[in-house]
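In the two complexes below, subunit A is the common chain; its partner is subunit B in one and subunit C in the other.
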Partner chain A sequence: MTALTARPRGRSGLLASRLTILLFLAPALFMFVLFVLVPVAQAAHYSFYDWTGLGPLDKFVGLDNYAAALGSDTFRTAVSNNLLLVALSLLVQIPFSLGLAVLLNRRFTGRALFRLIFFLPYVISEAITGVIFRLLLQPDAVIDSGMKGVGAGGLIQDWLGDPTFVMITLFIIISWKYFGFHLIILLAGLQGIPREIEEAAFIDGAGRWQAFRYVTLPLLGPTIRVSVFLSIIGALQLFDLVFVITGGGPITMGASGATVDASGTMALDMFKTGFTNQSMGAGSAVAVLLFVFCFVVALGYQRLVLRRDVEGALTTNG
Partner chain B sequence: MNLVPKRFLSGVALVALVAGACSSTATTAPTQAAVTTAPTATPAPTAKPVTIEWWHIGTTDPGKSMNAQFAADFMKLHPNVKINITILENEAFKTKLATTMQSGTVPDLFQSWGGGTLAEQAKQGMLKDITADVADIKDTVSGISGWSFEGKVYGIPNDLGIIGFWYNKDLFAKAGITTLPATWTDYLADVSKLKAAGITPLAIAGKDKWPSMHLWTYLTLRIGGGDNLAKMIASGNWNTDACTKAGQEVLKLNALNPYQAGYKSATYDNEAAAVGNGKAAMELMGQWAPTTQAADSTTKKGLGDKLGWFAFPAVDGGTGAATDGVGGGNGYAVGKNAPPEAIEFLKFMAQPAQATLINKNGVGLSPVAGTQGAITDPNLKMVADGLGKAKFVQLYLDQVTTPKVGSAINDATIALFLGASTPEKVCQAITTVASAK
Partner chain C sequence: MGSDMTTNSAASSAIPTTSLLQRTVRSIRLGIWEIARYAILVAVAAAILVPIVYAILGGFKSNGQLVGDPASVLPTEWVFSNYTDVLFGANAGDFWREAANSLIIAVVAVGATVTFASLAAFTFARMVFPGREAVYTLFTLGLLFPLTVAILPLYVLIKQVGLDANLLGVALPQAAFGLPITIIILRPFFKSIPVELEDAAKIDGCSTFGFFWRVLLPLAKPALATVSVLAVVGTWNSFLLPLVVLQGADQWTLPLGVMNFSTQYVSDQARILAYTVIAILPAIVFYAFAERQLVSGLTAGGVKG
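Right after this comes the complex of A and B.
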């Protein structure tokens, strides 16, 4: 009997607390639904139509837009360009940022100044970065004459006009822009590691490298994993810089006889298909593909790699 | 008067512009004029307040101040009218207009290049049929058919011209070129002469694509003739002799390595700067070239009187007349909810008194009859003459077609200029997109 009277009380208590949670969540949930879920659903809806963006949605084409996107050389090139950027970011950009972070974690005069300088590119907007680098990379402009000055004139390329080099050029610009961001994240992580632990390793006879490899690096793991995650998502969604610097060019010819944007990315293809070509339906299909791509990568990464770091928050029984 | 053929491709009107400023013989019959019975008379002074939303792309002076003056003058005449001007940069304008239209609102008056985009907007009911309203000025403003769709007028041009070669007289003299090229063969020879003199002959824009697309269009037009070109546009079949031969001529030009350093990733502004700074001898461009060259040059003055103009040369063995042109210009379209005052304002700007200022200030070439005398610039006079002489004027290919086909034409042709394609592949790539559906 006691149990019976206790249960309703417990239930109503639970209900009340759930209601409180819901009440607090409601504003955020509302915004999320309105500005994230609804647009995603709308884009998915549009993607099944041949639609210019004006007028009614009346030409249902099923999966044609998806077939066209997946079959186009430009989209495939865009995917491989995005993946190339992901790979280069992970292999070059993050290790570079990590190295600098370790250096800047030491005590030396001018440390704050260096941190500021390295972080500066991140503060500049992408469009301005793009314009600056377009100017620097003009033939015989700053970069070319600088290279000639140090006797590397023979290595000068048509940085933005050569399909072979354009992605490397873009990657260097992206790295210049974002290494400072990763540097700050990693530096924050490094500063969260108590000095005592490293000192203990030194007392136990570990060398600098050993202390870094077996003590610092594992403790920095969660930070690195977050940095890697942001880097991957950033590389997949890249748009502004490419749009300003090359606009996807130079144009080459694909195997199927259609033109290909040599430096295109998925987001750029989405823009070009949707806005430049005014095929909002087809553009939406590209957008949905990009969304699915990022979603799968993000979810997979969170469940597989970030599992320990976000324990309980996202994965309850994974 | 020159005839205005109207052809249709997937529901989009293909428009050849009326050339010259002489009176036109009812090219756009006001069918169903009763649809818009908007009063065109000047509103009474007691009329209720009206706001006109006007979007234009004249970001630089003198055009910017001239437009502001037009609005101010009109508001003085009509105290009840308030004109809100939104000035947008070219590309930003296109994007903003597209998103605004999706939300269902349309500015009352906005920049329009006519052609396929205007046709699409008209088809979706975004524009107001002003056929009846402009019936009284259609004989004085040439080229209105470019801003029409299925016989109904949706806007009028305020600037109309043909594309031609703008060249640096000093650099031509330095290369020993005494007579301007009359044929494509001469032209190629002159390119070689410039090259031999250590001068960059021609500036193009690999990133923006369209400047060299016009060169290819001209070759196609000169080789195959206007009717042939119109047929390709209408049918979507570009696998033609003229198309392939035009590509082969481009390859001959490419072989001379005539373009400026960095042309593969150059923007139109880079191109204009190259000519405006005297680094490249020529560019193939429309009537706005001198203004842009000046704005993009380091001195902000451009070449001044060292700048000359000549029409695109004839191609040996081609069937197209050497006077035919590729052209177009700027205009304003009227939004679906525009008040009668907006149309009134549009017509106000097309009055000789106002339109003359366009020519006088060198902002563009007004298509309004009787304003040509106000052209002060000798080069612009040549452009106007060229337009007057042309029996056939092809509206810019990337404007006359749907945006998708236009984009395909730009992409396919630039690949050829960048040395990444073949003439046959260009024709096939355009055909694939243009003949779909």
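Right after this comes the complex of A and C.
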């Protein structure tokens, strides 16, 4: 009896709660599908067409856009530039951030101020950062004359005009802008490790370095991996800073004799192909390749990291 | 008390002199270590601050001094007109309009992100329905789709729906791309609010929305502050989307305005510097007030992302 009376009420209650869920979820889902998922799917769709962005989408060209992108000197230069930035970020920027995070992971006078300063560039827009550094780095501008002033005039480079040095310059600016971000993440990770664990290592006779290398660093693993991951993705997608500071320049000669943006990145190639050259199809192919790069890295990284974590667990047990 | 003191002094006098020496050596080494720590930190802080201070002081210099003696630190004569012209001069309208555009976009985008993400995170955190985890995973996948990758079709789409040359054409996609991280940060926070509280609210006659609005959101204020601050920084600094969507100078946001100003008045370096300094001032002031929320948001996103 009770079950029979309760049932209809339960069902209408269920209906009401389903409606609530729908109403709550609909706005976010609608926006997300419309502005995120559909465009990403469209990029894949456009990439098979020869299309300027106007008129009907009717010139199907198969994989031609991909072949053109992969065969072009511009794209290849862009890929190698992006990979160079990834490598430099991992080998220089992250260790640097970690070192500073360790220095900040102790109570001392001025700590809050240092943290505030290091993180400051993160809130300044990329475009404005770019404008400031472009002025700073002009030949014979403040950086050059400052270096001459301290007797380092011999080290002066054509910071933004030398095709081989321009990526190093950009990397330094990227580090200026983002190392504080990694520092903050790593510092939070360090603060999550109980001090007692390191102290126990000291009592067991470990030195400062040993305690850091064999106790702190492994415990910081998950945080470091997040930092590394964000750093890789960021380096692969670099656009704003390059667009404002060099616009891809200087222009050099590619392997096949075509002109090439010496400081171009994949995102810049996508932008120029799509908007400047008005080939939405070819630009979309570059976008898809960029996405595949990021996706493969993300997936591969997760697998690799997952396996490493499991191995770590096994070795500590054994 | 007295006996304690005697044992203490006895103990300290019993320590052999080598130990005292060792202790001195150790404290000297610690002192050197401390000095090294400060030296490194000060050097890095200087490297961070030099470009910013250069821009601030450069804005007070004359162009003659900037070009003729670029390494000079202080202005030989303080030219306040560089700054006052940006804010109140003949073309001051440009700056204020850009600031207003940036502000409108930020308010709409952050409002939409936080409102819609809160509602969605609420269902993911506190309601049971088939496909819940699948939909949630769909949102988390959004972290893999950065705006950069979608920009070409996004531009086509925005033109099709008639939002090109419209501030909403920037604000709405910006809000959409902000949803994943916001939902990811809010969900566990909403989950952590005890079920007993919800039951009590229901018994008192609260509807689901009533509980969400009058109980959950007020309790979640710190998390909401965190995600809002995160969204503000992302939106305020965004460059590619406004660059592509907005047509014409009357719609430009501050980053676009600064970039265009710098290419338009190449030879007027002092004015460019003044313009950039004024343009980054809102972000710096905001940062000074919201540092804690920003940091906790990034670390939460970083650890869980």
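We take it that the second predicted complex is superposed on the first by the 272 of 318 C-alpha atoms of A that agree within 3 Å, B and C clash if a C-alpha of one lies under 4 Å from a C-alpha of the other, contacts with A are read in each partner's own complex, and residues count from 1 in each chain.
In this section, a contact is a pair of C-beta atoms (placed from the backbone, for glycine too) under 8 Å apart; a residue touches a chain by one contact, two chains touch by 3 or more.
All of these numbers come straight from a predicted model, not from anything done at the bench.
**Q** Applying the touch criterion given at the start, work out whether A:T252 contacts subunit B, subunit C, both or neither, answering first, second, both or neither.
**A** In the superposition, A:T252 touches subunit B alone.
**Q** Once chain A of both complexes is superposed, is A:G161 in touch with subunit B (first), subunit C (second), both, or neither?
**A** first
**Q** Residues of subunit A touched by subunit B versus by subunit C: which partner has the larger set?
**A** C
**Q** State whether A:S80 touches subunit B only (first), subunit C only (second), both chains, or neither.
**A** In the superposed model, A:S80 contacts neither subunit B nor subunit C.
**Q** Once the structures are superposed on A, label A:W176 by its partner contacts, choosing first (subunit B), second (subunit C), both or neither.
**A** Touch status of A:W176: second partner only.
**Q** Return first, second, both or neither, reflecting whether A:L135 touches subunit B, subunit C, both chains, or no partner chain.
**A** Once the two structures are laid over each other on A, A:L135 reaches subunit C alone.
**Q** Just to be sure I read the superposition right, which of the two partners does A:Q210 touch: subunit B = first, subunit C = second, or both, or neither?
**A** neither
**Q** Given the touch rule stated above, what does A:K272 touch, subunit B (first), subunit C (second), both, or neither?
**A** First partner only.
**Q** A:S227 contacts which: subunit B (first), subunit C (second), both, neither?
**A** A:S227: touches subunit C, not subunit B.
**Q** Let me check the overlay on chain A: which residues of subunit A are in contact with subunit B and also with subunit C?
**A** Common interface on subunit A, subunit B vs subunit C: 53, 134, 140, 275, 280.
**Q** Contact residues on subunit A for subunit B in the complex?
**A** Per the stated touch rule, the residues are 52-55, 134, 138-140, 158-163, 166, 246-247, 249-253, 257-259, 272, 275-280.
**Q** Considering only the defined contacts, which subunit C positions touch subunit A in the complex?
**A** Interface residues on subunit C, with respect to subunit A: 34, 37-38, 40-41, 44-45, 47-49, 51-52, 54-55, 58, 69-71, 112, 115-117, 119-120, 122-123, 127, 129, 135, 138-139, 142, 144-146, 148-157, 172-173, 175-177, 179-180, 183, 208-209, 212, 233, 236-237, 239-240, 243-244, 254-256, 258-259, 262, 269, 272-273, 276, 279-280, 283-284, 286-287, 291, 294-295, 298-299, 302-303, 305.
**Q** So in the complex, which bits of subunit B are touching subunit A?
**A** 94-95, 98, 101-102, 117, 120-121, 123-126, 206-209, 261-265, 270, 402-404, 407-408, 411-412, 414-415, 418, 420-421, 425, 428-429, 432
**Q** Could you please specify the touching residues of subunit A with respect to subunit C in the complex?
**A** My answer: residues 17-18, 20-21, 24-25, 27-29, 31-32, 34-40, 42-43, 45-46, 53, 100, 103-104, 108, 110, 114, 116-128, 130-136, 140-142, 144-146, 148-149, 176, 180-181, 184-185, 188-189, 222-223, 226-227, 230, 233, 237, 239-240, 243-244, 267, 270-271, 274-275, 280, 283-284, 287-288, 290-291, 294-295, 298.
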